[in-house]
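Consider the two complexes below, in which chain A is the common component and chain B and chain C are the respective partners.
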Partner chain A sequence: MSGLRGAFSRVLEIVALPAVILIVWWFASANSESFYSPPLSEIAAAFAPTWFEGRLVSDVLPSVGRMLLGFAIAVGLGVGLGVLIGMFRYVREVLEPVLEFLRAVPPPVLIPVIMLFAGIGDEMKVSVIVLGSIWPVLLNTIEGVRGIDEVLRETATVFRMHPRRRLFKLVLRGASPQIMVGARQTLSLAIILMVVSEMFAASNGLGFTVIQFQRTFHIPEMWTGILVLGVIGAALSLIFSLVEGRVLRWYHGLRNLER
Partner chain B sequence: MVSRASEPREVAVEGGSSSALLEVRHVRKTYTDRNRSIEAIGDLDFTVGRGEFVSVVGPSGAGKTTLLRCIAGLLPVTSGEIRLAGQVVTAPPKDLAVVFQEYGRSLFPWMTVRENVDLPLREKRLGADERHELVEDAIRAVGLGHAGDAYPWQLSGGMQQRVAIARAVAYRPAVLLMDEPFAAVDAQTRAELEDLVRSLWAQFGMTIIFVTHDIDESVYLSERVLVLSRSPTRIIDEVAIDLPSERDQLQTRSEARFAELRARVYARIQEAKSADPIASPTTGTPSTS
Partner chain C sequence: MRRTSTARGRVVRGVCGFAAFLLLLELLPRTGVVNPAYLPPFSEMMAALGRLLTEPEFWAALGNTLLGWAIGLAIATVLGVALGILIGRIAVLRRYTFSTIEFLRPIPSVALVPLAVLIFGAKMQSTLLLVVYASVWPVLLQVIQGVRDVDPVARDTARSFRFSTVTRVRRLDWPSALPYTMTGLRLAASIALILEITGELLIGSPGIGRLIFVAQASAAVPTMYALVVVAGLLGLGMTAVFRAAQRRTMHWHASERREAAA
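After this line comes the complex of A and B, so read on.
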């Protein structure tokens, strides 16, 4: 039964601190008179009516859908371009100044420009998410590809590895730890940009809703929105960790040995 | 099919002995770095016959590794040419395998031992069954029959080098290049691996070029030892090893003839070390005593 106890204690580890924080918050805010930080009991009461009467489908789903699409495109483009740039030194040297420039511009500043090209619909929002969140995964992929061991590359060369096999079995696998680091940061940025993209000229969405609540002074509802964002972020992070754990099992094994 | 068998067979003669598998003809290799040019290899000229086991020894920095990398097609030569089975080497040739010194870095950490050994075979047109057999044979031949599903980083250094050797052997290369493969391994393991290489050579008959800085190892393992000078590298001696083909770590190494051959190689290397490294083209001619 140690397996069950092990699983139980792991769940306890994860849940313990959040539970403590919620309990402390509940009692600390119980008699709060402040308009902007109402008692947790009020927030909890507002939770169900706010979200479970249709908003999950009309707002949360489209937002998360756009975010996931943007994330997928960002990772796909980021890894694809990153591999190309990482493999060819000349390409990297030519592109570097332009990349550094583009990366330095904060996405919110770019939104009006993107709106000119992509309108105000879903395309604009997804574009904002992609253009803003692609940088970590792109730059980390470049570094990951460049950092592949010299001896390993020579081994592949000596055994005349076919270019396609070389790409999948040497380059992508070899760069995967670094790519994962970048993808994780890209995920965080995608969530933030999901909200940001809905701050201008939006009509639905999770971010839009939270900001509407703030602007119309529905404060407990606004807090519930913030909690929903946090829960979604944490859930996505957990899923990402599970995927990473499988893909990088060899890497974690190797690192554990080194410790 | 009948007409083919009755066609007259022509024996191709490629400007040299038809049994010479590897021809290194007046190879020179210079590295240019801004204003300086370093002559890593001055003039190397030798041949290796099919199925021969040749060692290459020399002082540190003698360009041994550079030579191996030129033969493997990883580095272009500055002048001269290298021919493998009559074809000039410009890129990694077919049927050539390399065992690097840094065994840890030459094995793919995301693949098991079996997958590592199998990988080069995928470049050859073989059926899955044939590949599987080659892989299993090679893994067993190096004594790792039980470790097929392990990852390289789970194995000791000596075992990792065995995997690299298994990978090279499974490939059934015509030429096997070994670049100081046992330099980073402890003495006990080195002795085992030396005997392993000899037994694999006896079993599979590939041509082996074995680079080492260990004089004893070069005499123990090979049929012929090429002694290189310091940079700019030239061959200063070719020593034929007339020891019996059955070699044993204790027996062979205590024979008188072993000591003589070893002494000769050692003496040449000492001469090479004390020679002026910036020699004029007329000095440093190979002695064939």
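After this line comes the complex of A and C, so read on.
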């Protein structure tokens, strides 16, 4: 009985505030004459015709596809290069200042630069996402590989662990908490860059569509676009948390034991 | 003795690496490996930067960027700290706001660009909206965590002595949230700079970002690269200042070692 009640109150905690906000928004905007914030009912009515009649395939999928591709390349390259650079002290010390500088450049300013090389097609957007979002995962991997326990490292050497086993069981596993912290920042940068690159120069995609709605004063449709972007951001972050929980289960278990 | 020599070696290697990077930037276009129309030699970028430094427009833009960044960060910090202490202190609030915060936080703030443009036009306020929205979350979450971190014994003691709420916030919640706040502030500072320059680039509000857009539109490639370098230096300087400030004010606190996980 109390278990059921506990579950009920937990659901209530999750749903209550969003429900209140939506209800307040609904009634507060019901008679809205304001051009910029139309009634929520109008936005809701515009939602299905705006997105489910073609745009889901023609705009949302290409955007999310480019974003995921860019994110995957950034994480793959970042972890690969990060392991290489992190394992050799001299390489790390030579490259670190350059990498720190490149990381400090606000990523969206890369868009005009990369447009020079790659035009405004898909290659440009994926390159922008990769080059703009790789830095957190790269630098965190370097840091994580560097911080692997000295005793573990020497133990692996003494036991003559096979290099491949050493890479997966010692280096990657040891650096994975740091890698995941970096990958999370990379993900949020990738989403921002997806939207910005499309707003800057594109002929399809979410960012392009939302800006287009704004320029043609389709205000309820513009609001639905903002909502879609929000839902995508929240969904990706949720998926990332689930993956992170699985990858780092050993680490969280260890930390709980230490407490 | 040994230690100083390795530290010096590190600096020397870092400087060599950076010099090699700059040399590469000079040689790749000079030898034609990369088309110099797309990537001008480093010396031309620096010449363009030199010209920029003599132009009052550049300094005005730099001032606008820094001003927008500072105002946005200040608003986000005040909001984040105030809400964070409130939510962190009251368990019911914490439980009921959790889902909303977790939904709102990952929304890319650039999604608000069209709305900001409609309401404010190509003005500083549009960019300010983006900056505040993006940088309030790290501060808020860090402060909530910090307030939760108050030593339970100290909390109970304060309660037994019937300290007033104001005293408890000042003597208990604020000091234990401070190291977390500094971490949040540092994260927020670099996010705020990214959004400030993105806003200028996309919306056209005054600042370095708009100069980059203008340089791109008028095909002034070396100038564009010079401005990108300026943006990078801004980011680098900001990180350095906040790291130093954090180290100086918080060197006594153990969170200095844990903050990487935040």
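Note that the second predicted complex is superposed on the first by the 241 of 259 C-alpha atoms of A that agree within 3 Å, B and C clash if a C-alpha of one lies under 4 Å from a C-alpha of the other, contacts with A are read in each partner's own complex, and residues count from 1 in each chain.
The rule is simple: a contact is a pair of C-beta atoms (placed from the backbone, for glycine too) under 8 Å apart; a residue touches a chain by one contact, two chains touch by 3 or more.
Predicted, not measured: the structure shown is a model, and the values here were computed from it.
Taking chain A as the reference, the larger set of touched residues comes from C, when chain B and chain C are compared.
By the document's definition of touching, neither partner reaches A:57: not chain B, not chain C. Within the superposed three-chain model, A:149 lies in touch with chain B and out of touch with chain C [touch as defined at top].
Contact with chain C, but none with chain B, is seen for A:210 once the two complexes are overlaid on the shared chain.
In the superposition on chain A, A:105 makes contact with chain C only, not with chain B. By the document's definition of touching, of the two partners only chain B reaches A:159; chain C does not. In the superposition on chain A, contact of A:4 is made with neither chain B nor chain C.
On chain A, the surface touched by chain B in one complex and the surface touched by chain C in the other have no residue in common. Residues 9-10, 13-18, 20-21, 37-39, 95-100, 102-115, 117-119, 190, 193-194, 197-198, 201-202, 209, 212-213, 215-216, 221, 224-225, 227-228, 231-236, 238-239, 260-261 of chain C are the ones that touch chain A when the two sit in their complex. Within the complex, the chain A residues that touch chain C are 13-18, 21, 36, 90, 93-98, 100-113, 115-117, 143, 177-178, 181, 188, 191-192, 195-196, 199-200, 207, 210-211, 213-214, 219, 222-223, 225-226, 229-230, 233-234, 236-237.
Looking at the complex, you find that chain B touches chain A at residues 72-74, 92, 94, 96-98, 100, 102, 105-106, 108-111, 119-120, 122-123, 151, 153-154, 171. Within the complex, the chain A residues that touch chain B are 149-152, 154-155, 157-162, 165, 169-170, 173-174, 176, 250-251, 253-254, 257.
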